[in-house]
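Here it is, the structure, as structure tokens.
Per-chain numbering from 1; labels A, B, C and D assigned in written order.
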Amino acid sequence: MKPHGIAAAAALSALVLAGCGSSGGSGGGGTSAAAKKCATSIGIEAPLTGPVAVLGQEQLHFAELAMSMDNTANKTHITLVQGDTQLNPQQATTVTQQFTSNNSITGVVGPAGSQEVEAVGPLLARAGLAFISGSATAAALTTGTYPTFFRVVSKDSVQGPQDANYIVQNLHPKALMIVDDQEAYSTGLVAAMLPIFQQAGIKVDHESVSQKVTDFSSIVSKVTPATTVVVLPWQVASNAQQFGRDLAQQHKSAVIFGTDGLFSPGTFTINGSYVSSFGPDITAIPADASIAATAKAKYGSFGTFGPPVFAATHVLDEAIASVCKSGKTPTRASVLAAVKATNEPTSILGQPISFTSAGDLNNGKFFLFKIDSTGKYNLIPS
Amino acid sequence: MSDEALPPPGPEHADLGAPQLAGPQVGADEWVARQAQRHEHLPSWLGAGQRAAERAGWWPRLALAAVAGLLLPVLGLGGFQLQVGIDALVIALLAVGLNIVVGSAGMLDLGYVAFFGFGAYGFALLSSAKIGTNGIHLSSVLSIPVVMIATGALGLLVGLPSRRLSGDYLAIVTLFFGEAFVEFTNNVSPGVLGGPNGIVGVDTIHAFGVQVSSNKAYYFLLVIVLVVTMAVLRLLDTSRTGRAWRAVREDPLAAAAMTIPVDRVKLMAFAFGATVAGLAGTIFAAQQISVFPTDFDTPILIIIYAGLILGGAGSIAGAATGALVVMVIYDGLLRSPTDSGYLFYGLILLALIAKLRPWRRLALVLAVTAALGFAAHAIASAIAASWVAGGPQSTGLIADALRDWVIVPANPQTAGNVGFVLLVCLLIALVQLKGGWRTILLVPTLYVASFTWETVLSPNPSVTRQLMIGAILIVMMNARPQGLLGTRRVEVAQ
Amino acid sequence: MSAPGQPVLSLSRLSLAFGGLRALSELDLTVGDREIVSLIGPNGAGKSTVFNVVTGIYEPSGGDVRFAGQSIAGRAPHVIAQLGIARTFQSLRLFMNMSVLENVIAATYGHTGATPPESVLRLPRARREEREARELAADVLSFFGQRLAGYRWDQPAYSLSYANRRRLEIARALATRPTLLLLDEPAAGMNPAETHEVTELIGRLRDERKVAICVIEHDMHVVAGCSDRVVALDHGVKIAEGDFDAVANHPAVVEAYMGRDPEALAESG
Amino acid sequence: MSFFFQELVNGLTTGALYALVALGFSMVYGVLKLLNFAHGDLYMVGAFVGYFVIQWFGGPQALHIPVPLLVTIMFVLAAVLVGFLGVAIERFAYRPLRDAPRIAPLITAIGISFFLENAALLLFGAQFRVYNTPDFISFSSGIQIGSVSIDAVQIMVLVMGLLLMVGLRLLVIRTRLGKQMRAVASDREAAEMLGINVNFTIAATFFLGSALAGVAGVMAGLLFNQVTNTIGFIAGLKAFTAAVVGGIGSLPGAMLGGLLIGIAESFITGYISSTYTNLLVFCLLIAVMLVRPTGLLGRPQLRKV
């Protein structure tokens, strides 16, 4: 009892101590010094822990990668501030408050999820902070509601129909199964695809399974012989791999058609599957080879969530650098303006990057791959 | 559950929680003596404070806390801190509500967060464009009470099983209910509930043309709501209703034999708890101007329970304090690497001061640790520069202090991982060992701790955040199982 | 002697069966107004079961329980308690973590009616009831003299000694304003002096609190000392009834204790 | 009809896995009355151990030891390591709380769960580690009845699940340790007075329970091919559910509960819709609990007065 009382008291006073620390801790970063050294910070909002940490960590790694490369290239001193959202809007709100009240932060990468963007959009708009997402694809986000929002990926309302039409025209299924993973990203795509399938008179079996579930045998059993295509608009590639394994194990011949998240050479390797991705296979782009190599060496295998965030971070880096070059100190306003004016002739995504007034990526390309028996991703020329 | 299950009578038994007294003691005198002694084991200033607080009675204390809370923003609490404050206050409100069911009536309700969600969704539906052509934007003076009553009714419904189920069986059923709620909002009628996209564009709290929109406003609102709720619940707790709740917690069968309608009393507890959660939900939805299924998933429930039990289930003040502490640590300090650095080293130091006596030994340990550090650093740098190329990862004062002390290799990740595992093993060993060995082992442990922090923990703030909160929960529960402000209880297996 | 006036409690052909086991069969028993009836019998004779049926914990499988003229068989325990039957438990069942005072006041729930809003706003009715409850508590606690004196009121029940826990249970039972008091082994775990005290206490309860009392007790001194009438049970059947000496010497009773299982007596000392 | 049987097989397999996790959970509960929410994370650790064993012996494509041997090593190593981890946790975090209010260890367990989950994230990273079971246990090694296919791993899970349950039951009923466990479970103080080493017994229980979690983790790895630091949470939840629905503390109950949940899930998915699987399963289980308030095989709490 005796020490315990004290221990508790100790803990509490430690809080106070830390609290005092906080006042000095945050907000510093000195914009005064920035003029000379071009020192400022970028915040990243991603699910760094929790059920989809696999996405968040990959995004973080590529952001760090882009930042270090750009810092050396542009002689800037930009630092990255982590904000863990666990793909949860409430946490995203808290993180966003942390960023907006930290004066040294002049731009934000993320958040990852569309529902998070909806939660934090107003806050960032009020703070005049530019934020660029590498994975929020809901169509509703770029209707002008969030003036400081940008994304380096296309929206569901473009990708969905495009994929659906390809399936209808090239794979001619009589019946197909489409499985969403109960996340905003997935349900959005499904909503965009369904009408087209129904129009084409295809019998659609719409299933839905939580991202956390890894047992698909009972859904796979529902794949009828007539069902020749299974559409998986998922975020977790290894889940799709397991789905494919279950198909094989139950001797089902249906072809998997996946979207962005499934693009993951080495993880998703089901022979004959299709993957439509907003990111290219950066390992196949000569210009990106070095990046890919570095990433692989530093963080191991990666999927399709890293490169877009790399691009997003790069856009912010360049914006800040340009502000510095013009002799001004990077402020939120100036960075925002510079991001709006972004015009990258080329990028890690294998296409030029510039934004519409609503913040969408101009003529965002899609890349469709077919996986062969060796697990290699072959680009299907569109 | 016959006689041997009962705790043995007073003199032998009353030492639960309180320290053993030297010399023979009997009956009441012993109890009285122990009450007096409760203060003596605290440092004088703390003891004095505690005595003063106890003399003051509950409402001056509450009022004082309220004033302090209201003053904080004036003293320049803003932006992020304000947001953390709001989150913390919401959780505190929930913890206080949960305390009715868990603390007073002694039922394990693992579906509580669903009432929070129900309140939030209820408010969102009543104050957004979701229902009807252009929505019903009901005035908050109406919508909030309506939602609260509805949530209370739901509480009654969910409480019904408590008439047949008890203990962990009730817990699991309520847990199912909570999970079912998330599944429901996520999958059922996306047209209205929005599925994973939730409901956006919720009105802020508005009545008679007055809009509560700024975070400061919500902070003040929440402080007031929390304090009022606590006062109300305190008054209720000291009334016949509160006594009935506790009687049912202690022994339902005896309670029934003493004219207490057990089932009705349990249902009341559920209803009151739910109502408070509903209230919290409305404010949450209005402040976030949006609601999503993930806002009401298990992690929130865990935080609420952590707060309640850390503070001391059964004590209203405890519930609120615990929730505030947990949230300030988890949502505030641990989010910033700098602050969590201060927290990390601060906690270690204070734990040492608290646990390590006499002072000579403490000084010795610190000195030896310091020496060890500088020596190790010198040797390492002598062997190869790359071994110390990294430099401390944490920022601010700490970094400067530790520059020539802690070894940080050029590529810290792997070394850090090893250090981390080693640290955990050392800590477990520390618990096992006794006396002198423990003191000796303390030195390397301290150094490894610092090493691990500087190499891997500090550079991965978001992972470290989760690790730290986990560790803090474990340590705090071990230090004070009855919670910060809770009183130790005897538990009779019924 | 016989019960003055019409009986407070009367069990007629009361039966209770757990599956195959017949815990009580065809039991007739009456407790007259302000009468003290003792239930004796070897362990497992069904004495506590009688209490549990009367207080509504078990529902009888046959027969009837009439209290103050109305049938209470199958009523909920708290209703029966409100009608005026209070009890103590063989295995003490206090509200261990509540203070002595709270233990007693909690038992006034059934006779108070302040709704939560009233209590929170401390409206007149709530205030009045609280005041009355405190007075009642002080009254019933004072019944035990120094044993449960004021300075003990704020101690948690678990800090009390066995004897005091038994006293507190009786005090708590009295706070329900009973007309019939069921005491289940009030002297268990007490030393001779305390046991003697209990014997007097039971008498005083009847005289000063004006209640009828039915007491289960193994200690024959207590039984002899306080009973107007003694009823002996064995295997759920009434085997003897009358004043103490008659019952104590009744062959069936002797056989019940001695004959079959000698250790029964040893246990029941 | 074959569809029915296919779904049945799926359900049984998943159920058997749930049951395995639930067994350990229920065991610990039986002795300590402790809801060990960290149980699922022990399962996660077990799965990682299995993964690293595969890597150690050359990875799924290029194994340089026979598969049966590999699998055995995986199970044994996982069981032992996780078992000791469990013992350490008990000593470190739970023992000091033995006489604390029952709800205090709950928070400690949650703290441990946080800690393990994120320690794994720190040490092993977030990306999914893939077993690639089919590369060394081919589907053809399974059985094919009509259009119903049961692969080797599924069979193994079912069989081992049963064996372990029977084994445990025997251990609890027959062996000395089992007797001590039951003694401690029914009344710790009394057991101590009878000279039973309570600490040892509890430690042993934790070892067995955690070892089971470790084995279940390897199973999951073989069955679902992938491991990450977050698989523990769901598993823990299912274990808790299965254990309580089956009648907490009862080993056959845990088994039954696990199978029930597994089959319910697969049939609801198969015949109604995967969208509502969880929702309906929860409703079903609530119904079960209302009908049998102490679980399927749980002894009704007798209320002696």
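A few remarks follow.
Following the convention adopted for this analysis, contacts are C-beta pairs under 8 Å (C-beta built on N, C-alpha and C of every residue); 3 or more make two chains touch, one makes a residue touch a chain.
Quick caveat, the model's predicted, so the values are computed rather than measured.
Taking the mean of each chain's C-alpha atoms, the chain closest to the overall C-alpha centroid is B. Most remote chain with respect to subunit B, judged by CA-atom centres, is C.
Inter-chain spacing, taken between the CA centroids of subunit A and subunit B, is 32 Å.
Per-chain CA centroids place subunit C at a distance of 49 Å from subunit D. Separating the centre of subunit B from that of subunit D, both taken as means of CA atoms, is a distance of 29 Å.
Annotation: 44 Å between the Cα-based centres of subunit B and subunit C. Within subunit C, residues 57, 89, 91 each touch two or more of the remaining chains. Chain contacts: subunit A has residues 49-50, 208 touching two or more partner chains.
Taken residue by residue, subunit B touches two or more other chains at 1-2, 16, 187, 253, 463, 466, 472, 489, whereas all remaining positions touch fewer.
By the touch criterion given at the top, residues 55, 57, 76-78, 81-82, 86-87, 89, 91-98, 102, 105-112, 114, 116, 119-120, 122, 126, 129-130, 133, 151-152, 155, 158-162, 164-165, 172-173, 175-176 of subunit C touch subunit B in their complex.
Subunit B meets subunit A in the complex at residues 17-19, 41-43, 46, 78-84, 87, 186-187, 190, 195-198, 200, 215, 288-290, 292, 294-295, 297, 299-300, 325, 328-329, 331-333, 335-336, 338-343, 346-347, 350-351, 353-355, 395-396, 461-463, 465-466, 472, 475-476, 479-480, 484.
Taken in their complex, subunit B has these residues touching subunit D: 1-2, 4, 16, 102, 108, 161, 164-166, 168-169, 171-173, 175-177, 179-180, 183-184, 187-188, 253, 298, 302, 305-306, 309-310, 313, 417, 420-421, 424, 427-428, 431-432, 456, 460, 463-464, 466-467, 469-474, 477-478, 481-483, 489, 491.
Every residue of subunit D that touches subunit A in the complex is listed here, in rising order: 3, 6-7, 10-11, 13-14, 118, 121, 125-128, 130, 134, 139, 142, 147, 149, 151, 220, 223-226, 228-231, 233-234, 265-267, 269-270, 273-275, 277-278. Within the complex formed with subunit B, the subunit A residues making contact are 1-15, 17-22, 24-26, 48-50, 82-84, 86-90, 93-95, 97-98, 100-102, 114-115, 118-119, 122, 138, 182-184, 187-188, 208.
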